[in-house]
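One chain, chain A, appears in both complexes that follow, with chain B as partner in the first and chain C in the second.
Let's turn to the complex of A and B:
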C-alpha cells in the first residue's frame, strides 16, 4: 500500500484535507486525526519529522500554518515521503501562486485532483510538476 | 409546474460551495448550527431535477463530509446519478464524492459497474482517469471481476497517462480478485520491460507491493529489476527497486552477489539522502554477509548520525538498529553517539536510541547496561522513564530470562525499579516477580528479601501504580516465608494500617500472606517446643542446628516488633521452654539458610519464638484484622475471618492461665501443633508454572458434554446472585489479571483451609459449573477441578527439570564465549509445550492466494511463451528440459511439497529446494544432468560478462544474474 493517508491540518488542529487510501469509518477517521494532531502538532521544529503511530509511521512537515501529514507503512522510505510532501507543496505553489491555507480550503477539489495525479492506490505514480498540473489546467480552461 | 418553479428558485438562490465555506469561516451562528442548516438546504437541493443544482449540493456535502466528518452515506444514490452525467464538470463531482465516501458495504455499488465500464472505455482520457481513480478506492470483488477485461485493455493503452494509472489500479484488482492475475499479469510485466519510464515506474511500484507479500514468486523477474537498478536514473524508482531486491536477495545468494556492486556504486555516487538511506537499509537487511558493503553502509550511517538534522540522526539510529544483532561492531563504533542520543531533546530520537541500546544487551553486559539505563530513567521525563523500564523488563524477560545469569541481581533490580517515582510498570513487574519466583528456585531467598523491603515501606502503599507489585511482594513473602529473616517484622508490615489504601484484591493477598506467616511462626514455635521438651533426642537437636541462622535478622527486627520479648528471652532464659537448649550454636550464620530452607518442617528459631512473642503476634494480628470482619469485600472479610478463627483456636491452646503446670501446657501445645502442622502441610506444597495447554491434557470425563456457547452462563450468574457479586467475580477476574500465579494459589489454599461457609459454597459452585471455568482461566482450573492432572504435570515437570537444565546450559554456554561466572546460572523451569507460543510455521507454509495466482500466471506465461519461442536456441530448450527435471526432483526428495496445490507443486517446491543451496541439489537423484547443465551455464556466464550490459534485452542479464535457476521463465529471454 505504501501511503495510507494524507492529511493537511492547520496549526489549530482543524483538518483542511483528508485523503485515505484504505477505508475507515467516519468515527475512526475522526479518532485517528485527533490522535495524530495531538502527537505531531506539539513537536518543535528541531525534532525529527517521523512519528510512530499505531502500526505505521507518520511523516510530516510544516509549511507556515499548515501541517502536511502522511501516514505510511513501516518499511516506507521516510525521506522519500518528505520529498513527496515537498513536491506536493511546490506543485500547489506553482498552481495557486504562493499557496496558503485558504487556497486549499476554497479549492479542495483541485487539491484532491493534484493528489490523484500524484498518488494512486497508495503508490506515487507521478512526480513531474508539469505532468501533474496539465490535466487541471486543461479543466480550468474548459470551464 | 410548482415543482419546476421551486427548483428554479432553488438553483437561483442556491449557495455555492464558496458561499458555504465563507459562511463557515465567518461563523456567525456557530459552526454546528451553520452546518446543520446547510445540510437542510443540501437535502432539499440534492433532490432537484436540475443536475447543476444537484451537483453543487453534492459538492457541498462532500466538502462537509471530508472536512467536518458529516455522514453522507445517505446521498450515495445521488452521487451515482451525478457520476452518470454526460457533462464532465458534473461527473467529476460525482466521482470525487464516490471515492471519498463509498466503501464495500455501500449498496449502490451494484449499480455503478456499467457506468464504470462505460467510462473506462471512454475515448476521453480524463473520464477514464476518473473511473480508474474511483475504482482504486472502492474496488470490490465483483467490480474487480467485472472490470478486469477493461483494465486488461487499458494496460496496453497507447496513452501513457491512462496506462500508468491502470497499472496502479491493477494491484488493487489483484488483491480483490485473484483470477485477474492470470489475465493481466503478462501485460504488467510488459510494462516493466517497456521503454516508457512512467509505466515502468508505476509497474515497479506494484511489484514492490507484491514482492513485499511473497517475494519468492517474483524471483523470475529479477533480471528486469536488475536492469532497472543499473539503468534507471529516477530516484523514486530506484528506491522501489531496492525494496524489491531487499526482499528477493535473501532468497537467492547469487542474486545478492550480483547486486552488491551496483548498490555500493549508488551509495557512493548519489546525492539524494533518501536513496542513500534506502541503499543502507537494503545492505544491512539483506546483504549482511558482504563485509565491504556493510562497511560502506556503516560509514554512511555515521554521516547520518553526526548530522545536525534530527531526521537523519533518527534514521541513522534506525539503520544501526537493523544492523544490531549481526554487526555489533557497527554499534560499538558509534556507541558514543548512541548513548548521547539517549538524552536528545527529541523523544523519538531518544526512543530509537533506547531500542538500539536494547539490541546490544547480552548476557555479559546486561548488568552494566541496565545500570546506565536506570540512571537515565531517573533523570528523564515520566514517559521516557517508563519506556526505559518497559524495554528493560521486556529484554530481560525475553525467552525465559535468557540473558539473566544472576537472578539475585535481577530481582533486586526489579525492586529498585519499583521505587522509581515515575514507575508505572507495576503490572509487568508484578508478573515477573511471580514468574521468577515460580520458575527459579534459587532466586526465592532474594525475592523474599526484596519483597520484604517493598512490603515494609509504608510510602509505597500510596502509589496506585505499585499496588500490583506490592501484591506480588506480599504473596512472595507469604508463600516463601521460610526465607524471611524476620517473620515477625514481615507480619507487622503486612498488617500495617496503611494497607487500607490498597484495593481489595491486593489487600486480600496481604491478609492471606499474613495468614501464612502467622502459621509459619506458630509452627516453628510449637515445633521448637516439641523438639526440646523431650529434649534428649540428639537427632532433633542436630536438625535444629542450622536454623539458628535466622537469629541475626530477628534481632534487628525484634527491636521494632517486640523489644521487650527479646530482652526477656535473652536474659530470662527460663521463660521459654525451649531456652533450656540455648547452648546450641547461635554462631551459625547466613549461609546455612540455603540448606535448611527446603523443608518447612525443620524447626526454626528456638530462642526467639517465645511464648511471649507469639502471643504478641497473635494479639497484633487480631487487632489489625478484627475491624475487617465487617468489611463489605467478601474476599477480605472471609480471609480475615479465617485468620481470626485460627487465632482464637490457638489462643485457647497456648495461653490459658499463665501459671499452669508444665505438663498441661505441653499437652495443649501438642494439640495445637497437630492442627498447625496440618495447615502448614497445606501451604508447603510446591507451586510451579503451569503451561497454557495444561487444560488440554485433562481427559474429558465420560458423559461430560462441553458447551461451546456460554451464553447461558448469564442465567447461572443471575440465580447465584450473592456469589457472583462478590467472591466469584473477584476470584475469576483477579486470576486473569495476575497471570496465574499469585491468587490462584491462594485460592488453592482457601480450599485447603478449614472451610468457612462461603468457601464451601464456592467450591460447590465450582463443582456444579466447573466446565465454565475452562476457557478463560489458564492455570487455576487445574488446581480447582482436576487435581490428578496437576499431579501428573508436576511429575512431568520434575522429569523435564533435568533435561531443561542440560538444554539450558548447552544453549547459554555454547554460542557465546563468556567469562566463567562465579555462580552458575540457576535453573529456570520451562515447560516444553504451552509456555512457548506456537511458532508461525503453519503460516509460512500457508500460501498467500495472490502469490499463488501470480505463480500460476508466471507458469502459464512460461508455457505460452516457450511454445512460441522454442526454436529460440539451444540454451532455452535445455532449460526447459531442466525445468522439467526439477519438477520431478522435489516430488521424490521434498516432502514439504505434499500439501501444496497441484498447480504449483513443481514451481514452488523446485524453488524451495533451490533456496536451500547446492548440496541439497547434488544429493538429489538427477545429479549428473543438473551438474552438467550448471557447468554449461557457468561458461555462458563467463562469455556474457565480456559483453556486459551492452544490450537492454533481458537475455544477457537473466543469464548473468541467476545463471542456474530453472526458475527464470523463458519469456524473459
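Let's turn to the complex of A and C:
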C-alpha cells in the first residue's frame, strides 16, 4: 500500500494535519501520534530521517517549527518518500508563498485539497505541481 | 487570515490555538460540539455554506482527537449536494472520518455512482478519490466496470483516468474478482503506452498490485516497463513539470523498478540488455551533488536500481559494483545514506556469493553499531546478525556483548536474544557458548528471557564434556558481589547437578557450595527458591559419606519451608525432606538428569514469533520465501557458501530444513502442552509440578518422542470437546501445513457461501486454474455448469474431477477432459436431482498437475437446500388454515434462537428473499414479526409448502423465535436447522469475512482439505 499516513506536527507536538490511508480508531490514532511525536521530535539534526516504529517506518523532515511525518511500509523507498515530502512543501509554497504553520492551520481545507491531488489510497498519484494546484486555483477564481 | 469566507472556522481555530492547556481546549471544543449539534438538529435553517463550515469544524475537532460520530451523517449528506464546494467537502471529510464498513456509506453509493458515470469531470474526480480511499467490497461489486471504463477510455482526460487507476487498485484489493485476469492483462499493457506521466504514475501502482499477486498474466507488461525506464532515464519527452531537480520523475522511476522486481526473471535477451543498460547508467552515473534534494532524489533511484540488480542476480561484475557502492555508502557520514547502505546490504546477504565481500566491511559495520542514532544501530545489528557465520561468530558476538552494557534499554532484549542465537548457531566450541550465555546473563539479566537459560542448561546436560567446565564457570560467577537472579538460578541448577565434579578444588566442597548458594536465598524471589531447594537436595545426595553438619543445616531449611505458603516450595520441601531420610535410596531418586530430547531452539522460535508481518507481500518477501533473509531470523543457515552448517558440531540443535520449519512449530507447541498435562506421571515427583522448569524438566515426562498421533492431536483446534479419532487428526494435518504448494486465491469458504446465495460465480481459483460455476434450478432438478479455465500458457494435465454426492442427491458429471489446453476454458455440465430434504453438502474432488506441482482440492458444491426452494406468495385465506392444521411437532417446530446476527427487519426480509423465501407482509399483525412462505421440491416430498414465522424482539436483535411448518417432519427439521445456521453466522452479503457456518452437516471425510468444511465437520 505504500503510504499509511501523513502527519504534520509542530515542535510542541500538536497535530496540524493528519491524513490516514488505513482506518485507525480515534484511540489508536491518538496513541500512535503520541508515540511518533515522542520518538521523532527528540531526534537531532545529525540523525537520519528514518525511524522504525511498530511495523511502520516513519520518514520525516523538519521545516522550521513544523515536522512532516510520513508512515510507510517497511519496504518502501525511503528517499523517494523523503523527497515527496519536499515536493509537498514546495507545492504549498507555490500556493501560499513561503508556507508556514499558520497557513496550514487556517487553511486546513486547502492543505487537504492538495494532499488529495497528490496521494490516493496510499499511492502517489501526481507530482506535477501545476496539475496538483489546478483545482484549487479554479475554485479560488470562482469565489 | 480569513479562510475563504469561513470566518467562524477561523475564529474557532484561533480560539483553540490560544488555549493555555488541554483542559481549556477541551472546554472550547465541547462548547463548539454543542453548538454544532444544535445547529445540525434544526437542519432546515442551515444553508449549504453553514453546513460546509460545520463539517470542516468537525474535521478539525476530529484531528485534535475528539469524537465526532454524531456528525457523520451530515458529512455524508453533503456528498449529494448539487454544488461543487459542498460536494467536495462532503467527499473529502467523509473519507477522513468514515471507514469502509460504515453503514452510512451505503446511503451514498447511488450518488457516488451517478457522479462517476456522470458528465462532470470534477465530480468524477471527487467520487473516484473517495472510493479509492475508503471504498469497500460493495463498492467494488457495483462500481468496478464503470471505473475500468474511465481508466481505459481515451475520451476521458488524464486527470480522471489517473484517479480511476488508483480507484481500481482499491477495488481490486477489496475484491480481486473485479479484475478479470485474462481480459485485463492486455488492457494493462496498453495502459503502459500512455504518454501522460500522471496516468502512468498511478497505473504503475496498479500494476505493482496486480503483479505482486499474480505476475504470470502480465509478462507482456515487462518490456513496456523497461521502455518507460528508458524514456525517463534518457529524459525523452518528459515535461519540465515532471522533472524534479533535473531528475525525470524519480517517483515513477522507482515505482517502475519496483514493478520489475515482481517478475522472477527477464528472459527476452533484448529487453534484458536494454534494462541492464539503464541500470548500468544509474549505477555509474549517480554522483554526490551539493543540492540535498537532487542528491536524495537521485539516490532514491539508485537504491531502487540496486534492489533490482540484486533481484535479477545480474552478472558478477555488476553485482560487485553494487557491493562496492554499498560498501562506500556504509562508510559515509551522511546518516540517511549510511542507514540505507546498511539496510540494503542486509538485503544483499541473500545473494549467495557476495557474503565474503560484505565480510570485509565488518569493522565499518561495527562502528555503526555504536552510532548515536538508534535507527542506524538497529540496521547495523540486523546486518551483523545476518552476516554472522562460523568464521566471524566469535568477533561479532563479542562485539554484541560489549555493546550490551552500554546499549539503550530499547535494544537490549533484541540484542541479547540475537547474541544468544548466534552463539548457539555458530559456536566454534561449546565452552565458548557457555561463556557467552553466562556473560549475557551477567550483563543484561533483566533482558535475558527464561528461554535463554533453559537452553544453556539443556546444552550442558546433553554434553558431558561440558559439565565440569560449566560448573567451574557457575562457581566463579557466584563469587561476584551482586549477581542477577537469573544467574542465581542457572548457577544453582548447574552446581546442583555437576558441582560434585569440583569436589577436589578449593572452595568447592559440598558444604562450601551449599553456603555460597544459600547466601543468595534471602535476595531471590519465590520462583527461584524451588530451584535452590532442589540444588540443596542434590548437594546432600552428593556428599558421601554424609556430612551430619550439612545434613542438619539443609534439613532445617526443608522443615522451615514445609509450611511455606507457596505450594511449589512447600511441596518440594516436604518431599525432599522425606526423600533425604531414605539414605542410599536417595542416590537413585536424585540421580543426574537424563539427556533432553533434541528439539528446535525455543529461542529461534521466539525470534520467529517476534517477526511482524506487514499486510502486503513485499517484493523482498516474495523473493525470500525460499531463502529467508536475515531480518527474518532464519532457523537454518540458508547459505551453502558458509560451508557445512556449524550447528552440527553441537550435536544437539535441531536444524530443521527450510520446508519443515512450519510443521515443526505446531509440534513444538504440542510438546509444551503435553508437558503440562503429563506432569502427573512424571517419574521425578519432586520436580514434577515445576511450571517454572516446565521447559527444562517437562520433556522427561515423555517417554521418548511423542507419537505422531499425540502430536497431531495437539494441533487440534482448541476448545473442541471430545477426543478426536486419530483418523480425523491426520486428516486435519494438511490444514496446518498444506501439502499443495499452490495456494488458492481468495477464500474458498467465502466463495462457497457467496454461491449459496447466488447462481453464478467463481468457486475456486489459484494461480493456474479458475473454476467458475453457473447453475439453473427447476423444482427438484438442477443443472450446474463447471467452467474450468486454464490461466497458463501451458496445458494443465491429469485433470480429474470426482463428485462425492451426499445420499440425498443424485449427481452426474459429464466427462472432464484429462488435459486443459493453454488459456482454454472447458465446460462440464453437472446434473443434480434432489431426492429428499437434507442439509448435507456435495463435494467436488478436483485435481490436476502443472509442471511439478500436483494440486488436489476438495470443494463444497453450492447444491444446497435453498436451491430447491421456489418462493410462493400466500394470502391470509391460504395461510391460516394451513398454519392451524399443521399443529405441533414433528410437522411444526418452534425454537428460540439466540446469538443471531443482528439484522433489522427489512434486512432480514432481504436476506430471506436471497434464500428464496417469499416474505408475506401484512399476515402477522405484530410489526416485529415476519412471515414467509416457499415451496420445497424433492422426489420424496414433491412440491411441499413451507411456512415460516419469525418473532423478533426489538429490544434484543440477537434472539428470535422461529416456527416452521411443513407437511414433512424431516423437511421441517432440516429447514429449521438450515435457517438457524444462516441466521446465526452466515453473512447477509458477501462483504463480511465469512466465517464458516457453525453447524454445516458433516461432509464425507474426504472433504477435509477445505478448512471451512473441516470446521463445519467438527462443530
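FYI, the second predicted complex is superposed on the first by the 143 of 143 C-alpha atoms of A that agree within 3 Å, B and C clash if a C-alpha of one lies under 4 Å from a C-alpha of the other, contacts with A are read in each partner's own complex, and residues count from 1 in each chain.
As a convention for this text, a residue touches a chain if its C-beta (ideal position, glycine included) is under 8 Å from a C-beta of that chain, and two chains touch if they have at least 3 such contacts.
Quantities reported herein were computed from a predicted structural model and do not represent experimental measurements.
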Handout entry: Touching partner for A:12 - first (chain B), second (chain C), both, neither
Key = neither
Practice task
Classify the contacts of A:74 with the two partner chains as first (chain B alone), second (chain C alone), both, or neither.
Solution key: second
Exercise for the section: Look at A:98 in the shared chain and tell me whether it touches chain B only, chain C only, both, or neither; answer first, second, both or neither. Expected result: neither
Handout entry: First, second, both or neither for A:126, with chain B first and chain C second
Key = both
Exercise for the section: Tell me which partner A:55 touches in the superposition: chain B (first), chain C (second), both or neither. Expected result: second
Exercise for the section: Identify which of chain B and chain C touches the larger number of residues of chain A. Expected result: C
Practice task
Show which residues of chain A both chain B and chain C reach, each in its own complex.
Solution key: 1-2, 15, 17-19, 21, 23, 26, 29-30, 43-44, 46-52, 75, 77-80, 82-83, 105-106, 108-109, 112-113, 116, 120-121, 123-127, 135, 139, 143
Practice task
Spell out the residues on chain C that touch chain A in their complex, using ranges where they run on.
Solution key: 1, 3-5, 10, 13-14, 17, 56, 59-60, 62-67, 84-85, 88-89, 92, 96, 99-100, 122, 125, 129, 132-134, 159, 162-163, 166-167, 169-170, 197-198, 201-202, 205, 239, 241-242, 244, 249-252, 254-255, 258, 293, 296-297, 299-300, 303-304, 335-336, 338-340, 372-373, 375-376, 378, 612-616, 618-621
Problem - Contact footprint of chain A on chain B as seen in their complex - result: 18, 21, 25, 59, 63, 65-67, 69, 71, 88-89, 92-93, 96, 100, 103-104, 126, 129, 132-133, 136-137, 161, 164-165, 167-169, 171-172, 198, 201-202, 205-206, 208-209, 212, 234-236, 239, 243, 272-274, 277-278, 281, 310-311, 313-315, 345-349, 351
Handout entry: Touching residues on chain A, where the partner in the complex is chain B
Key = 1-2, 15-19, 21, 23, 26, 29-30, 43-44, 46-52, 75, 77-80, 82-83, 105-106, 108-109, 112-113, 116, 120-121, 123-127, 135, 138-139, 142-143
Practice task
Please name which positions on chain A make contact with chain C in the complex.
Solution key: 1-2, 15, 17-21, 23, 26, 29-30, 33, 43-44, 46-52, 54-55, 73-75, 77-80, 82-84, 86-87, 102, 105-110, 112-113, 116, 120-121, 123-131, 134-135, 139-140, 143
